[in-house]
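Heads up, the next two complexes both have subunit A, just with different partners, subunit B and then subunit C.
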Partner chain A sequence: MSKSFLDKLKDIVTDEQVLTAHSELIPYESDGLTAFKALPRAVVLPNKQSEVISIVRLCHEHSVPFVARGSGTSLSGGSLPNERGIVIGLNRLNSILDLNIEERYAVVECGVINNDVSEASKHYGLHYAPDPSSQLVCTIGGNVAFNSGGAHCLKHGMTSNHVLGIKAVLPDGTVVQIGGHSLDSVGPDLVGLFVGSEGLFGIALEIILRLVPMPEGFRTLLAAYPSMEQAGDAVSSIIDAGLLPTAMEIMDNLTIKAVEATVHAGYPTDAGAVLIVELEGEIVEIEEEFKCLRKIIYESGAYNVTSANNQNERALIWKGRKGAFGALGKISPAYIVQDGVVPRSQLGSALAEIDSLSEKYGIRVANVFHAGDGNLHPNVLFNNSDEEMLEKAELLASEIVQMCIRRGGVITGEHGVGMEKREFMNDMFSDKDMDQMLILTDIIDPHQIANNDKVFSRSRVPGI
Partner chain B sequence: MQHNIEVNNVGPNGQIMADAVKSCVHCGFCLPACPTYRVLGQEMDSPRGRILLMKNVLEGTLSLNEANPFIEKCLGCMACVTACPPSVPYGDLLVSFREYANETNVKYSFFDKYLKKFMYAIMPYTARFRFVVYIGIILKSLRNFLPLKLRAMFDLLPASFPVNEKFPETVYAIGNKRARVALLQGCVQSVLAPRINQATIRVFARNGIEVIVPQGQGCCGALTYHAGLSDSSRNMALQNMKVFPKDVDAIITTAAGCGSAISEYSRLFQDTPQYEMAMDFSGIVEDAISFLDGLGIVDEVIVNEDREIAYHDACHLSHAQGIRNAPRRLLHHIPRLKIVDIMDGEICCGSAGIYNLEHPEVANKLGVQKAVNIIKTGVDYLVTSNIGCMTQIEVSLRAMNSNINVKHIMEILDDAYRGEF
Partner chain C sequence: MFYPQSIEEIQRVVVESHAPMVVRGGGTKPGLLNHNDSVTTIDLSDVSGILEYRPEECTFTALAGTRLNDIEEVLSDNDQWMPFDPPMVDKGSTLGGVLAAGLSGPCRYGFGGVRDFVLGISWVSGDGNLLNGGGRVVKNVAGFDFPKLMVGSLGRFGIITEITMKVFPQSQAFATLEWDCLNIEEAVKFMKLLSLSKIEFLALDIESNGIVRVRIGGIQNSLQKRLDSIARYKNGAVIFKDREESEKWSSLRNFCWLDDSCMLIKVPITPDIVCRLDSKLSHYEALRLYSVGGNVAWIGWMDSIVKLDKILENLGLTGLLLLGEYNTPWLGTSAFDNVFAAKVKAALDPKNRFMSL
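Here is the complex of A and B:
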């Protein structure tokens, strides 16, 4: 990076907004996936959208790579800095610009925290439905980049189902407005293209989000099973019975123990698995469904069933689930979070296969996942000061991903490809598919500066 | 998170620090909980950022003097510990690291170095502190000629000379005696607001609790402990252990900061010959609020008016000691009282020991935010449980021309009993 680039950066923002000291860069070396780390040349912290646009234009002009970062919670290394480039920290762009109650949408800046949108709209009986486990921390910009899911996406859909429009700065500095304020749009679904593009297509500055009414009531149930397979089968039975719960989550014994050691959510620590099922809707409707659900749960071999009687009890059940990833830090210094998806009907056998893989490698795997849509989160627990163990853990993780592909699933359900799953893209997609994606990316980002090296390994040249 | 800290090369607390670093997974849940991250908006001033900085210093890949300004900026409010899924013992790490920094002769600016020396030589000693407060009040008119950091010190002084009040050694329970406790007066509080201890004694007596006030007691060591000056904290703690009786049901503190520091004596006295004694002492220390809540109020409170109050959770009561429900339950003993929630109530007011003197810019921002959120509630009374918060919040409210009363929870109960609420 030439001196003049940094000087020009400081012409756009104040000196204090450009971090270059070693002590200022270290806190930005990783995101939520500490297995990868890299120090950027600088971190810039814009205070307003116009600054972001100027910074991106400057990067384009100088072909300097940039990585956008919100709260840095990515579990796939999606906001890992690029050593040749800069990090653009967007956490200060955190204004909710408009809250339209009648039309049920919110216009927010990219650095707004997911949960803050729901907090701001709850007085009006509305909320923003996608709820990643990190919703108290993660930003909407990151949610858009990774098409984030969450426990309640089983019924509500993922981020892409809730983004109506985006104002974005493309990697060449062009500012575009795609989509609009309503669900229907004319022409190709450009919002759909942008959501989930993992930062390769630039930075979303302003996002128009759909708000949906808060349901009249919830019924949340926690069921303990002797084995994972029984819990997995219960999920299929629930769907087969025609119920559509808003969330169905499973945690295995290792995860339960980690959660109970930290959050104290009241999960039975002797259980082989716990299943959380939540129904939402009109009270008359969910009461009927709840009766049916309890019957299925008991018939499926659950030995301990509790249900939340009030909002506090419900929050406690969810607190355990949402803190599960972090809680694993209590039982292991390092872990690889996998995010593969398998067809729901194969949940039970996929879990059994993970179990035998874990045994084969002699490495513990903690499972916590969105059972309703078959989105697994096997966490491979290891000690990465042990080189040999790290290698084995990576092999094990890779076998789990291969298994998901073999079973007709996909390599990532919600965390994204990022840095971590680049090597599996070739297993998932044909050469032709890969070429088309790379060609499209190169059209939008001719200088290959926007979060480049993520999703695709850039050693690949299209058509060769 | 993995680390390469050589635990034996970084002082006696190497293992404690290494274990804390190891349990952090860098998930980021601490970011929105952290007052400095909210105000400054950069990760060096967040808990996980500071953990990375401390890790690098301990590994030898970053110089202490480069990292320390960011570590210094931590309030020590422990809100991150509440938010942390793997429960990283951040407080242990922070205090151990500050101790390590002091022992490694970290460089401070001239001003900060002497401000620290001055404050830690004065505040824990009641007589000295009272004298300085007197002088300060006399010189308050010079405030405008001083640099910002010194100005902050004057702004926090009370408007009038605090009265030096003596307590009787024993205050007997009224009616049936249900418990006998010893009161730790607190160093700063006993100078700035002796009325809090008086109110506590009266409320306790009404509820059948005999209170003794041991002579010769001093600071619990909290101020210096949280700054990583363990030797001086241990000496102060030992003085109290000498003068406090063991045959009481509890030793009562009325300042959240004291209770929090005493609960950390296990680390302060680790590997010392006085460990057992320190554990016996800290084992019976309890905040006045949780003690009274546990024992139960027997003397009924009667009031004639509807009142709305806001309760501010002192960080060292809520985050550091996990006491959140007891104060609310106690307040609910006052009939016709409604407790209104303060927006962002879990965020520090900016007081944090002598933080508001060392980092007035950050502390002022937090103070203003807190005052704005309190004023929004529309209440007449702000009730809390720590002298530091009371001073900071009162100053912040007055700066915004608000005349909301700021009171300790024991004062409110006392007022209510006496028909003055």
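Here is the complex of A and C:
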């Protein structure tokens, strides 16, 4: 990076907004996936959209790579810095620009925290439905880049299903407005393409989000099963019965024990698996659905069923699930979390296969996952100071991803490809499919500067 | 006109044809084939069939030319359905057609549109390659979301050949309530009130004469209680159930309310513009149905289409001409006249083998 680039950067923003000292850069060296680390040449913290646009234009002019970063919660290394480039930290762009209650939408800047949108609209009985586990800290810009999911996306859908319009700066500095305020559109769904593009198409500056009414009520239950297979089968029975819960989550015994040791959510530690099911909607409707659900749960072999009778009991059931990843951190110095998807009906056998792989490598795997949509979250637990074990853990994780593809599933359900799963893209897509994606990236970002080392392994050139 | 019988034949036609190509499915939306240039038309009605249906996964994969009523029949045998409520099913529209046109019906309000249910897609590119995007499972973020991009694209990026969709369990029972609010202003006010309530409406439509119509669905046992509580929102609710109810929505979805001579235009809008748009349209005796909680206007138009083009442009709206003749299917302001759309077109169709955006 030439001196003149940094000087020009400081012409756009104040010196205070450009971090270059080693100690200042350290907090940015990795994101939620700590296995990868890299120090950028600088971190710039713009205060407003016009600064972001000028910074991107400068990067384009100088062919300097940039990585847009919100709160750095990516679990796939999506905001890992590029050593040759800069990180653009977007947390200061945190204004909710418009909250239109009658029309049920919010216009927010990219650095707005996910949960703040719901907080701002709850007074009016509305909320922003997508709820990634990191929703208290993660930003809408990051959610848009990675099409983030969450425990409740079984009924509500992912980020993409809730974004109506985007104002974005493309990697060449052009500012575009795609989509709008309406729920519907005509013409190609450009918003749909932009969401989940992992920062390769530029930076979403402003996002128009759909708001939905808060449900009238919830019914939540926790069911304990002797085995994972029975819990998995119960999920299939619930779907077969025509119920559409908002969430269905399963945790295995290793996770249950870890959770109980830390957050004390009251999960039975002798269970082979626990299943959490949540219904939401009009109270008279979910009461009827809940009768049906309880019948299925008992018939599917659950030996202990706890129903939440109030908001506190519901929060307690979710406390265990939401605290699962933190709890696993207490029983293992490090872990790799995968998020491959398998067809829902193969959950039982896929979990059995993960068990065998765990045994083969002699490494523990804790499973906690979104069962309703077949989205696995195997946590491969290892000691990161043991090089040999790290290597084994990576091999094991890689075999799990391969298994998902083999079963007709996909390599990532919600975390994104990022750095972590780049090498698996070729297993899921043909050379021609990959070429089409690379050609699109190269046309949108001719200088290959926007998070360009993510998603694809750039050793590959289209058509070769 | 070409009638390929297989994907391989589509690939061959694409390689051999010279003029820009346009695709036809069931022929239910001839307005989408409007253009000035000489073109090669490729009819996909023979490239049809359900390739895989997995009720336990709530997914199916079908060829683009598959008629939606064939799909609905198979799904219904398993108590499942396509909740985006595709329009024109009884008229013979195809899966590829409804996706490429980006059309959803009244229940889009409660469940989301065709864009929210497409999981995977295959298409033949301008150089004859068969490409894929997305997957066959209900959750996936690997690679770019080409399935969504193709929604509403009118085949301008490639020829859609195969589609994987998510489906939902069918509700046990449905019911509909109608109120006569006497005029559009009162209807919009009431609609906004309902849309902020905690009731999970599947559909929320209003008509230009002030009718407000809502649909609910769910478990049979709770239906009456829900109806009673919704009816309390405003006096004079008329309730429809069973066959009469389903026929009402089917007639709306299939545009049976249009005269044969009517053109049909879809316009994405927002609730706040309904009254203004309606007032303009009322001067032309247009038929007007505002669906999806005031987010979609369906307009039956009998006057000169140039006039409607101008009205939409003045209001900053974009319309899609489904039935009727003009020099383009897109009316009003261009919703996608931007650099991003141009770059996407350049990447997916570099040799302009398909019509321009």
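Of note:
Basically, the second predicted complex is superposed on the first by the 464 of 464 C-alpha atoms of A that agree within 3 Å, B and C clash if a C-alpha of one lies under 4 Å from a C-alpha of the other, contacts with A are read in each partner's own complex, and residues count from 1 in each chain.
The rule is short, and it goes like this: a contact is a pair of C-beta atoms (placed from the backbone, for glycine too) under 8 Å apart; a residue touches a chain by one contact, two chains touch by 3 or more.
Predicted, not measured: the structure shown is a model, and the values here were computed from it.
Aligning the two structures on subunit A places subunit B and subunit C next to each other without any clash.
In the superposition on chain A, A:Phe325 contacts subunit B only, with no contact to subunit C.
In the superposed model, the angle subtended at the C-alpha centre of subunit A by the C-alpha centres of subunit B and subunit C comes to 130 degrees, rounded to the nearest 10.
With both structures placed on the common chain, the touch criterion links A:Arg92 to subunit B but leaves subunit C unconnected. By the touch criterion stated above, A:Leu136 is placed in contact with subunit B alone, subunit C being left untouched. Of the two partner chains, neither subunit B nor subunit C is touched by A:Gln311. Applying the stated contact rule after C-alpha superposition, one finds that A:Gly408 touches subunit C and leaves subunit B untouched. Contact comparison for subunit A: of subunit B and subunit C, C touches the greater number of residues. Look at A:Thr269: by the touch rule set out above, it reaches neither subunit B nor subunit C.
Once the two complexes are overlaid on the shared chain, A:Ser237 sits clear of subunit B and of subunit C alike.
Between subunit B and subunit C, the smallest C-alpha to C-alpha distance in the superposed model amounts to 21 Å.
Overlaid on A, the two complexes show subunit B and subunit C touching no common residue of subunit A. On the subunit C side of its complex with subunit A, the touching residues are 54-58, 79, 102, 104, 108-109, 112-113, 115-116, 125, 129-133, 135-153, 156-157, 168-170, 172, 192, 195-200, 218-219, 221-222, 225-226, 229, 266-272, 292-293, 295-296, 318-320, 330, 334-336, 338-341, 343-344, 346-348, 357. Per the touch definition, subunit A reaches subunit B in the complex via residues 19, 21-24, 26-32, 34, 43, 45, 71-73, 89, 91-92, 113, 134, 136-138, 262-263, 323-330, 333-335, 383-385. The touching residues of subunit B, when paired with subunit A in their complex, are 1-2, 4, 22-29, 31-32, 41-44, 46, 48-50, 52-53, 56, 62, 66-67, 70, 83-88.
Residues of subunit A touching subunit C in their complex: 101-104, 124-126, 146-147, 149, 153, 157-158, 160-161, 168, 170, 174, 176-178, 180-197, 201, 213-216, 236, 239-240, 242-244, 281-282, 284-285, 287-289, 292, 341-345, 370, 373-375, 408-417, 421, 425, 428-430, 432-433, 436-437, 439-440, 442-444, 455.
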